[in-house]
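Okay, so chain A shows up in both of these, paired with chain B first and chain C after.
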Partner chain A sequence: MPSTYTLISSNVLTGSAASVTFSAIPSTYTDLVLRISARTARAAVVDRIQVNVNSLTTAIYSMRGLLGDGSTASSNSDSAQTFANFVYTNGNTTTSNTFSTTELYLPNYAGSTNKVMSVVGATEDNATANYEYAGAHLIGTTSAISSITLTGLVSSFVSGSSFYLYGIKNS
Partner chain B sequence: MPATYEPIATTTLGSATKSITFSSIASSWTDLRIVLVGTIQTAADYIEITFNGSTTGYSWTRMSGDGSAAASGRITSNTKWVPNFPLAGSTTVPMLITTDIFSYAGSTFKTGLMETSADLNGSGLVIRGVGLWQNTAAITSVKLEVQTYNFNTGTTATLYGIKNA
Partner chain C sequence: MEKIIVDCSTGESTIVALTPEEIAQLEADAKAAADLKAAEEAEAEAKAQAKADLLAKLGITEDEAKLLLG
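Coming up: the complex of A and B.
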């Protein structure tokens, strides 16, 4: 039986990188899952990962988010943005050797409707404020997603950051 | 090597349909996952999840964000789970609902994790919830139903089985 949950590609950084791109994504799966463990060089507790699909940088990205920082729950939103925003990651003032945990789920990524993306994740630190977050994203493209680019919003990803792209088939 | 994450069944609607049912679910996996992507005939409608045709013993706790405020709530002693409560959905923009049901074939009460992602480019909700079904029977069927109207054509629901060994 063909595999349902298949690793398409991975990238574990051995040096810093401003961005990571998965390209030539085949359209043979039903959904995509991107699992990220990352940290950037930003001199702060938190940075964000900017997500673009198919190199699209027009104002087609929007989101609703839910955020908890250990004392307060809040919600944020964004619309008409040039990238999928508010995907949080560890900055460089968090505990050393500590990376965020994030999963992006893109159902029906090769279909002909606008694309939905679900995000869940947490920045990790045994000290100051950290975030547990969930996001509902809409990407206004009806094209099949064939590439995904992840960019540190403020600073580059550091060595040890890892990115795994999986394809899921529903039959 | 046996499949760890296996599609059990999938349905893509060719016409507007009120409910989608997965039945005769074998007990051979450990957990179940339902992935629903689609739209509904009216945005002001609820999507309900029930098991084995039962309408008793459901409760859930959820948190939601609408882009400006976070909220939390709990429903007890209900006839179903409602993953898109408070109202989330659209007649044209796809919504994603994933529901994980753990140890679905075991002899204890059933727990689930529900995630609803419905950004509508200027409105919408993100919802995360945990559910309890107070029934010790193995789950052999799952029904996804729109409370008042229908799922639209093109809506897809897939049931996956996950094995822990």
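Coming up: the complex of A and C.
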């Protein structure tokens, strides 16, 4: 267990929002953990969360991941994209009042090397088809991460979606 | 459309209206995602059909094919 696991900031939506940004993230922690429980207004069972750091929208995001949909396992990959992709979330045709569960882990976020991010999560639905996913992301910036922006890829986040940012210290 | 900005130094959350440019970018991203999804689905459907056609040509079932390749 880490020495400290501190809630930095949080936001639970009371209305819809196209995106949620955590800004002015302190550089005093070792790692960051972002816990998301979200749903978007997309008329489908699944949508994606677009992740950007430091408002960077240049082609610096790459990933490799695994995806299961309840019957089939597959892999996916992306390179030189303008956002971290394949972070799935509930769409609006899933069972009412159900939200995806996702954790983003960013180790050494304030260091001077390129950044990595691991993603693990699942959409939630009272149905046979569901999405479980895990991804390893590379973000080509050597700057400390001071902001993280989460955007619904197709539609806005709905009320009740929650976002919790934690800082972990190793001492 | 609105976005939320959470200032971690103060803990305050601010609701900000999106600019027309931001809205246009969101709509472009959504269209690109939908187009990509449609292309992926079309490719998956084509692969499934090609597989089914090959099995029919060979006159074997999928289980028999797995047995042969196992």
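Heads up, the rule we're going with is that the second predicted complex is superposed on the first by the 167 of 171 C-alpha atoms of A that agree within 3 Å, B and C clash if a C-alpha of one lies under 4 Å from a C-alpha of the other, contacts with A are read in each partner's own complex, and residues count from 1 in each chain.
By definition in this document, a residue touches a chain if its C-beta (ideal position, glycine included) is under 8 Å from a C-beta of that chain, and two chains touch if they have at least 3 such contacts.
Just so you know, these numbers come straight off a predicted model, no measurement behind them.
Q: Based on the superposed arrangement around chain A, label chain B with chain C as either clash or fit.
A: Taken together on chain A, chain C would fit alongside chain B, as the superposition shows.
Q: Quick one: name whichever of chain B and chain C touches more residues of chain A.
A: Of the two chains, more chain A residues are contacted by B.
Q: Which holds for A:Asn108: it touches chain B only (first), chain C only (second), both, or neither?
A: first
Q: Just chain B (first), just chain C (second), both, or neither: which does A:Tyr131 touch?
A: It touches nothing on chain B or chain C.
Q: Looking at the overlay, what does A:Asn11 touch: chain B (first), chain C (second), both, or neither?
A: Second partner only.
Q: Which angle, to the nearest 10 degrees, do you get at the Cα centre of chain A between the Cα centres of chain B and chain C?
A: Apex at chain A; the opening toward chain B and chain C is 110 degrees.
Q: Which of the two partners, first being chain B and second being chain C, lies in contact with A:Thr151: first, second, both, or neither?
A: A:Thr151 contacts chain C only, not chain B.
Q: Could you say whether A:Phe22 touches chain B, chain C, both of them, or neither, answering first, second, both or neither?
A: After superposing on A, A:Phe22 lies in contact with chain C but is clear of chain B.
Q: On the overlay, how many Å separate the closest CA atoms of chain B and chain C?
A: Between chain B and chain C, the minimum C-alpha distance equals 13 Å.
Q: Under the contact definition given at the top, report the residues of chain A touching chain B in one complex and chain C in the other.
A: Common to the two interfaces on chain A: nothing.
Q: Under the definition above, what is the set of chain A residues touching chain B in their complex?
A: By the definition above, chain A touches chain B via 1, 3-5, 30-31, 62-68, 73-77, 79-80, 105, 107-108, 113-114, 116-118, 120, 134-138, 140, 168-171.
Q: Which stretch or stretches of chain B touch chain A in the complex?
A: 3-7, 10, 35, 37, 63-70, 72, 93-96, 98, 115-122, 124-126, 128, 154, 156, 158, 160
Q: What part of chain A is in contact with chain C in the complex they form?
A: 8-11, 13, 15-26, 48, 50, 151, 153-156, 163, 165
Q: Can you list the residues on chain C that touch chain A in the complex?
A: Contact set of chain C toward chain A: 1-11, 13, 15, 18, 22, 26, 29-30, 33-34.
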